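Letters A, B and C mark the chains as written, and numbering starts fresh at 1 in each.
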Amino acid sequence: MISERWLSLGVLVALGGVALAAMALDTPYTITLATRAAILALAAAGLNIALGLGGLVSFGHALFFGLGGYAMGILAFHAQTYTPLDLGLFQITGTKSMPVIWLAAVTLSALVAIPVGILALRTTGVYFIMITLAFAQMFYYFTLSWSAYGGEDGLSIYVRNGFPGLNTFDPIQFFGLCFTLLCAVLWLSARLKRSPFGLALGAARQSPARAKAVGLSPMRLRLVAFVLSGAIAGLAGALYADLNRFVSPAMFGWHLSGELIVLVILGGVARIIGPVVGAGVFVMLEHFLGQITDFWQIWLGLILLFVVLFARGGIVGLLSPKGGRHG
Amino acid sequence: MSTILVIEQILNGVQLGVMLFLMAAGLTLIFGVMGLINLAHGSLYMVGAFAAAAVAGATGSFLAGLVAALAAASLAGALIEVTVIRRLYAADHLDQVLATFALILVFSEGVRWVFGSFPLYLDIPDALSGPVTLPGGIDYPLYRLVLIGIGLAVGLGLWWLIERTRLGIRIRAGENDREMIAALGVDISKLYTLIFALGAALAGLAGALVGAIQSVQVGMGEPVLILAFVVIVIGGIGSIRGAFVGAILVGLTETLGGVFLPAVFGLFTDAATATSIGAALASMAIYVLMGAVLVWRPTGLFGGRA
Amino acid sequence: MADPVLEVRGVSKRFGALVANEGITLDLRPGEIHAVIGPNGAGKSTLIAQICGTLRPDSGEVRLEGHEITGLSVAQRARKGLARTFQISALAMEDTVLENAVLGALGASVSPWRFWRAALSRPALVDRAEAALARVGLMQARHRRVADLSHGERRQLEVAVALTLGPRAFVMDEPMAGLGSEGSADLTRLLDALRAEAPILLVEHDMDAVFALADRISVLVYGRVLMTGTVAEVRASTEVRAAYLGDAA
């Protein structure tokens, strides 16, 4: 079998390679596909911290994805309409600068994740799943009727936001940005997994009684994991909105939450490169199968069933069977 | 705000509630006895609606449509139980969520493949159409009253089944200790298939009945599924009584909230903003309700175990 | 006589009409192994739970080194130096032996709120963990996954994890459970040597181990302490024999 280190490297090289090849062959749509995969992988990597490491089955991570998307949408909207955002006490001028938007997306997601986490983590099992879903649904319905920002129709951002020193309209450069962020987050996750925090979190997942008996607080560990996870998903949401230059309530939808979980599981839960594999396979299925049949999601469903019933370690699990946390 | 409007909305809330109860009862039974989170329940609702619309459209008989709905949904339920679901009883929640989510994809796209993307229509039978004049001079659609009646009848029927029959004893025993009833010689796999099919039939019935007042289309099951989960979380998982109480609560909150919240906001802002904020808050209201219940009773109103 | 390290005073707990513990008073002195024995249903598990913090007593108090810990959570008591082993091994099964041992060291020497440098590259953690593993004889196995260990090795690991806390007192819940005679003998030797570091409150069914190790024995019957005495006193007691209806004594 392949060592996890080489597999991870290979997958990342493949993703980057696809984009570069597409640039060389002048097929910008493929670059967009690769970017889409990278962004979804980023969101899934965020989820993996809560789900894979922490064992938290969050069916509401679209909440953070949507928050990031709307952070971008609102800030960019006010910039492109040259109207400041009036918050009563003070005004915020819009911005179309990506670093600022990313900061806003991450901060907003993290801030929301704290109370949501505190409330949701009081529950376990199906209750936790439902409560996370409920929070996402709340925001879904809220944005659905928030006509100031498009409501059901969503919000179009005419022009992609800017990053200092780069031409973000150029597909390959935007891909590069997303890819760099993805790699950074993956590296962070790998370090996190082996850190004392990661060890403690994993122990809390496997045996909460043991964790408490050595003086750890599973609740606090999980909360921190949840917040980190949400912040990363928020960043992904902002990037996604930028990719499509469009933000809509669907970014809060439960279907998306489900898809994020699918990405993680398909790739291999708690494996660092799993989200990238899952996102890559998903985007490929969507594209190639989608060309053959309009009903490609049936096949996605069947593949998913297969993975759940027979290949629980996901694709990475098949290629690089688990040897523990090494790699 | 006239009393007539209020009473009408209360009745609407109750009607929504009893239909939710049909969904929630099956869900809570399945989770209570088999420990399984079944996201595909909304798909079974949809299957029932489509079967009813197709058969009623072909034969002109609403009754035939209902029978078809019950048959199709319970068959579909039994089929997926035997092929997929029974491998999930021992699995953890994540696997159950994923596998049943996969089933949603298969069902939705499957139905879309067979019936296309456009909605089907199911008509209210002539005998049940038209308003009925209730005491107090209120005109209320007969069909909706019939729905309330059916829902209550099903509730009573389920209560009788659980409390007064041998099947009910096995169900209650199964909720308490799965391993034990297997040891006592009850054929677990048949029992589980039966319960799953029963839950599916209830979902299909709800889909068919509601399909006559809303449109029958792919994806109709999911919003109802989520509401049904909220119901059983509020009511307490495993409790039919909780499912009923929770369903009525959710039905009333959703309906009355949708009417009154915009009205309340209308006192403060203009009509357009009031409607949109009110509507938004109304949809959020049930989640706030669920959150509040969980904070107070982490296992729901009538729930025993976590 | 030095002050007791662990004290239980008048601890009572009922579950509805069932009285699980009534007025339990006992203490654990420095350097001793104090065994708690009793027939099934005597209330030993309930007592352990109240000492370790998974249950709150209805009345009475628990003290560790003179400080009251009755109201503290499990984690808080662990941080104060109360280390326990579980009757059914509570270990991170997917992780390695070393990683489990490092867990205990986490609370004691390095905080879990460190996100960057790998846990296993920190000498503070690894040295402490390896020292504990060496004491119980698991150093050879330290990179093996717990899921691959034998039952006996897991029981040893339970003790090692408790050791890494650097505890003031041990509470051990049937550490011999499921061990064959060789495993029991090994563990008995280990516990014998451990008492010098921190006293052990030992709940056990294995009478050979109890009589070999205990300085004092408390006998629990129907939720009450029937007697507390030395091994000889307990063996000689007719009441104890009656309570056990002709068991090992």
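Keep in mind that, in the parts below, a contact is a pair of C-beta atoms (placed from the backbone, for glycine too) under 8 Å apart; a residue touches a chain by one contact, two chains touch by 3 or more.
All of these numbers come straight from a predicted model, not from anything done at the bench.
K.L.:
Determine the shortest chain-contact distance, in steps, between chain B and chain C.
P.N.:
Step count on the best path from chain B to chain C: 2.
K.L.:
By mean C-alpha coordinates, which chain is most distant from chain B?
P.N.:
C
K.L.:
Give, as an integer number of Å, the spacing between the C-alpha centres of chain C and chain B.
P.N.:
The answer is 50 Å.
K.L.:
At what distance in angstrom does the C-alpha mean of chain B lie from that of chain A?
P.N.:
So the centroids are 31 Å from each other.
K.L.:
Per the centroid of Cα atoms for each chain, what is the distance between chain A and chain C, given in Å?
P.N.:
Averaging C-alpha atoms per chain gives centres 44 Å apart.
K.L.:
Which positions in chain C touch two or more other chains at once?
P.N.:
If we look for residues of chain C contacting two or more partner chains, we find none.
K.L.:
Contact residues on chain A for chain B in the complex?
P.N.:
51, 57, 59, 119, 122-127, 129-131, 133-135, 137-138, 141-142, 144-147, 151, 254-255, 258, 261-262, 265, 269, 295-298, 300-302, 304-305, 307-309, 312
K.L.:
Over in the complex, which chain A residues touch chain C? Could you list them?
P.N.:
191-192, 194-200, 202-203, 206-207, 209-217, 221, 224, 322, 324-325
K.L.:
Help me check something: in the complex, which residues belonging to chain C touch chain A?
P.N.:
52, 54, 73-76, 78-79, 83-84, 86, 90-96, 99-100, 102-104, 106-108, 110-120, 122, 125, 145, 161, 164-165
K.L.:
Residue numbers of chain B touching chain A in their complex, please.
P.N.:
Against chain A, chain B makes touches at 31, 37, 84, 87, 91, 93-95, 97-99, 101-106, 108-110, 112-113, 222, 226, 229-230, 233, 237, 276-277, 279-280, 283-284, 287-288, 290-291, 294-295, 298-299, 306.
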